[in-house]
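These are the structures in question, set out in turn.
What follows is a pair of complexes built around chain A, which joins chain B in one and chain C in the other.
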Partner chain A sequence: MIELEQVSFRYQNEASHVFENLNLTIEQGEWVAIVGRNGSGKSTLAKLLNGLCLATSGVVRVNHTVITSESKHQVRTQIGMVFQNPENQFVGTTVADDVAFGLENLAVPRDTMIKRIDQSLEQVDMTAYKNHEPSRLSGGQKQRVALASVLAMQPEVIVLDEATSMLDPIGKEQVLSIIQELHEQLDVTVIMVTHDLNEAALADRVITLNEGTVWFDGKPREFLEKGDQLHEVGLEPPFVTKVYQQLSRQSITVTQEPLHYEELVDELWRLYLKT
Partner chain B sequence: MEIVFEDVDYIYQPNTPLEHVALQDLSFTIPSQSFTAIVGRTGSGKSTLLQQLNGLLQPTSGTVTIGNTRLPGVKAKPLKELRRRVGLVFQYPEHQLFEETVKQELLFGPKNFGLDLAQLEAQLPQVLQDVGLDESFLERSPFTLSGGQMKRVALASVLILDSEVLVLDEPTAGLDPVGKKQLLQLFRYLNEEKGKTVVLVTHNMEDAMAYADQLVVLNDGCIDRVTSPKHLIEKRDQLEAIGLAPPESIKFVDYMKQTLDVNWNGHEATVVTVSQALINRIKAGANK
Partner chain C sequence: MKQSFILGQYIPRDSFIHRLDPRTKIISLILFVITMFVIDRLFIYSLLYGFVLGCVLLSTIPITYLIKGLKPVWWLVVITFIFHVLFQRDGEALFDVFGFIIYDQGFIQGGEIASRLLLMIVMATLLTLTTPPLAITDAMRWFLAPLTRLGLPINELAIMMAISLRLIPTMTEEMDKISKAQAARGLDYTRGRLRDRLKALLPLLIPLFISAFKRAEALAMAMEARGYQGADHRTSYRQIAFRTMDYIIVCLMTTATVSIYLMTG
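What follows is the complex of A and B.
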């Protein structure tokens, strides 16, 4: 479980705060999407969760441990984070070394380690690049390796900061299904920063940040119900949401805000056309 | 400025155990003043291709002709001139930014190319506004910005050069949806009204369809096809094999045709056309 209590945060030498008295609780096993315009504080929030940023005042707790400069290393064994720029987390000279690094820190036995490296590279389709230098990969390949490093650690909480932004649509789907599996089968807590609202709609809960405050916190359906109001916070309703708005204006409605086009079309069939 | 690739190969780390053929036998043309999108799966060679356009990487064999400059084998001076005419925005903005302040960053290129600094300095607020930032960013360090803010500064630092060709590597990745739309519209404006040739990499077929007139599809370092977005969408069953997916609007239309037997005369799939088709179908009733 993750708790933020009255958290304020200001970057060093900056005049203004990113967050002031922020309160937030994320339950174990929840899948939370974090959305919001550029500069709204998403990455800063992510970094507060793994101690890369330390609260200026207030407390951040992970599994009842308050994150401090002393406890942050221990906390990082439970929280795996994929950074917005994967290059910021590469440490190894080969892809395999890089994945190994996190495991060495966890003191994973050697044979388990080898198994986990192979397995996680396989999961992200990067086995063929095992001996390549991380810095000499393509943009999307770098993101895949960064994800593999975190998957190999088998953390209780995974924080993904726009971790699929450079992937092709098929690759994105693969990653989302890996996440879905971890979430459903291993009860991993997933915190996913994204600009893709279709991706956000897959989560249990959507948190929208705006200028360091929580503008919305609730279920994806309620989030999409905001419709055009989303523009106020730099977002754009998905295609299905816009079509549904248009239908509603003509008094064609379905029982609940659709998350996906298949859901909308199936409901229209059931309510209006099925004989 | 027309750009012609002829039998281009590019090999990373040639003659080493890690030798990697990233581009193979590419021949195609980017017409002057076109809006060309380069698409293809992760690792297919898109960024490698883009870097040939301003000589940052040069063909291992074959030639790339950009206007009257032919690569490889160009001397330092014409190479600098080429970079003045072809502005490149990198996939990761961190690769582009290095100055202490955003202002210095934006003026670095102009200084390097000997442009009129006083005049450009007056334009800074406008350039920032074009990428959705305000003047308060001028004195900030580029390295203390959020990911999307950095991307915007990287874009601005190239836009300020007013180059003839804009080469953009996933320019909207990391931008919020409103910013993304604003920038795509800016690229369209620069293409249509200012006659710039725009070459951009995207994974998003929605954007490719809405903005590009030519598509170059790469697959494993080779040209899969050069086509128009419309043609590629007609062959959408082949998209998955090259790592792509149809836009949500097209998937929507396919699904509604299949499930509801909706009349669809192949118009453009927009919110209005799709909603109207659904409304008409529902009005026709169960026993259509």
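What follows is the complex of A and C.
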């Protein structure tokens, strides 16, 4: 469980706060999407969760441990983080070495390490690339290795900061389906920062940040119902939502607001069959 | 660059030499160099040539590849030899070429020094051709480990080495990208006077440095997020292991070195 209580944060030598008195609770096993315009503090929030940034005032608690400069190392064993740029988080000289890096830091014995490396590469379907150098991998493959590196450490929470934003649709799809699987099978908490509202619609809960405050916190469907209001916080409603809103404007009602293309197509068929 | 000079490159194979522990190879190289410097008998040089040739054959790396890859070295060796032949003033005079008197010692010493240079470079190249850079780093860390007691940050150095090795291809790619981007803006650093060319390099180097710093910062954050707290108290995934063959080779090499030394007295 992650709790933020009256958290304020300001970068050193900066005049203004990124957050002031922020309160937020994320339960174990939730899948949360964090959206918001550039500079709204999404990455900063992510970094507050594993002690890469420490709250200027207020407390951040992970499983009841308050994050301080002493406890942050212990907290990092429970929270894994995948960043945006695949190139800038590949530490090892080969895939296996990269997955090993986190385990070496935790001083995991070597035989356990070998097992966990194989297992986590299996989970992201990268076993065949075990001894490849990063220069021989695509961006999507590197990102899957980054995910494997995090999985090998067996965290309870995985934070993804725009982890799919540099990938093509297929790479994105692969990473997302792996996350979905992990979320369902291992009950890990997933916190996913994203600019893609279609991606955010996959989550159980959407948190929208705007100017350092929580502008919206709730179910994806309620979030998309905001429609044109999303423009206020610098977000573009997805195509599916726009179609739904156009329909509503024409006084054509459907059973529920569609979240993605399949639901929209279902609704349209239903309408077609009714007429 | 890549094809023209091969010192420092690694060619993955599964040969006898490839399979040896990197420490065995480094120790052997050092013993070999010591031998080369203590002896001064011609027939032992033929032994050394035989040894090097044997190593090259065992490594399964094509000799033509070595010959082509070490082209600049051949020139150095030949020039060293000619220089000695022309300017050595000891021993018996043999003949006279355009006023240069050629002595027999010129041939002998020139041959010795050129041979030393040649054999040493071929052996060093063979070490890097048959050993992954990371394994060399691991071996160096093992050799230097006693120095950690004196407070030297050997483990940190090893991690730095490993990360640098990892970043070389990334940076090369980046350099390529930047140089194309600047060429598209009309920059040309291949022509003109040396000073102009050096000046034209600046617009390449500055973006490269900036991006390297940004990358370093991001990488540091990613390392920290994965629990990195300094290079001590970590376990190690990669392992270098001495096998029976390694013990045999080290013993043989030591015996050979010592006996050659005693023989030549």
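For this structure, a couple of remarks:
Operating definition for what follows: the second predicted complex is superposed on the first by the 232 of 275 C-alpha atoms of A that agree within 3 Å, B and C clash if a C-alpha of one lies under 4 Å from a C-alpha of the other, contacts with A are read in each partner's own complex, and residues count from 1 in each chain.
Here is the rule we use: a contact is a pair of C-beta atoms (placed from the backbone, for glycine too) under 8 Å apart; a residue touches a chain by one contact, two chains touch by 3 or more.
All figures in this text were calculated on a predicted structure; none of them were measured in a lab.
Of the two partner chains placed by the overlay, neither chain B nor chain C lies in contact with A:Thr127.
In the superposition on chain A, contact is made by A:Leu273 with chain B only, not with chain C.
By the touch criterion stated above, A:Glu87 is placed in contact with chain B and with chain C alike. After overlaying the two complexes on the shared chain, residue contacts for A:Asn105 are found with chain C alone; chain B is out of touch. By the document's definition of touching, neither partner reaches A:Ser8: not chain B, not chain C.
By the touch criterion stated above, A:Gln78 is placed in contact with neither chain B nor chain C. In the superposition on chain A, the chain among chain B and chain C reaching more residues of chain A is B. When the two structures are aligned on the shared chain, A:Asn210 is found in touch with neither chain B nor chain C. Shared contact residues of chain A with chain B and chain C: 85, 87, 133. Remark: chain B residues 12-13, 18, 40-43, 46-47, 91-92, 94, 132, 144-149, 152, 169-170, 173-181, 203, 205, 240, 243-245, 248-249, 251-252, 255-256, 259-260, 271-272, 274-275, 278-279, 281-282, 285-287 touch chain A in the complex.
By the touch rule above, chain C contacts chain A in their complex via residues 133-134, 162-163, 165-166, 169-170, 173, 215, 218-219, 221-229, 233-239. Against chain C, the residues of chain A that register as touching in their complex are 50, 52, 73, 76-77, 80-81, 83, 85, 87-93, 96-97, 100-110, 113-114, 117, 133-135, 149-150, 153.
Residues of chain A touching chain B in their complex: 11, 14, 36-39, 42-43, 84-85, 87, 132-133, 136-141, 144, 162, 165-171, 173, 195, 197-198, 231, 234-236, 238-240, 242-243, 246-247, 250, 252, 261-262, 265-266, 268-269, 272-275.
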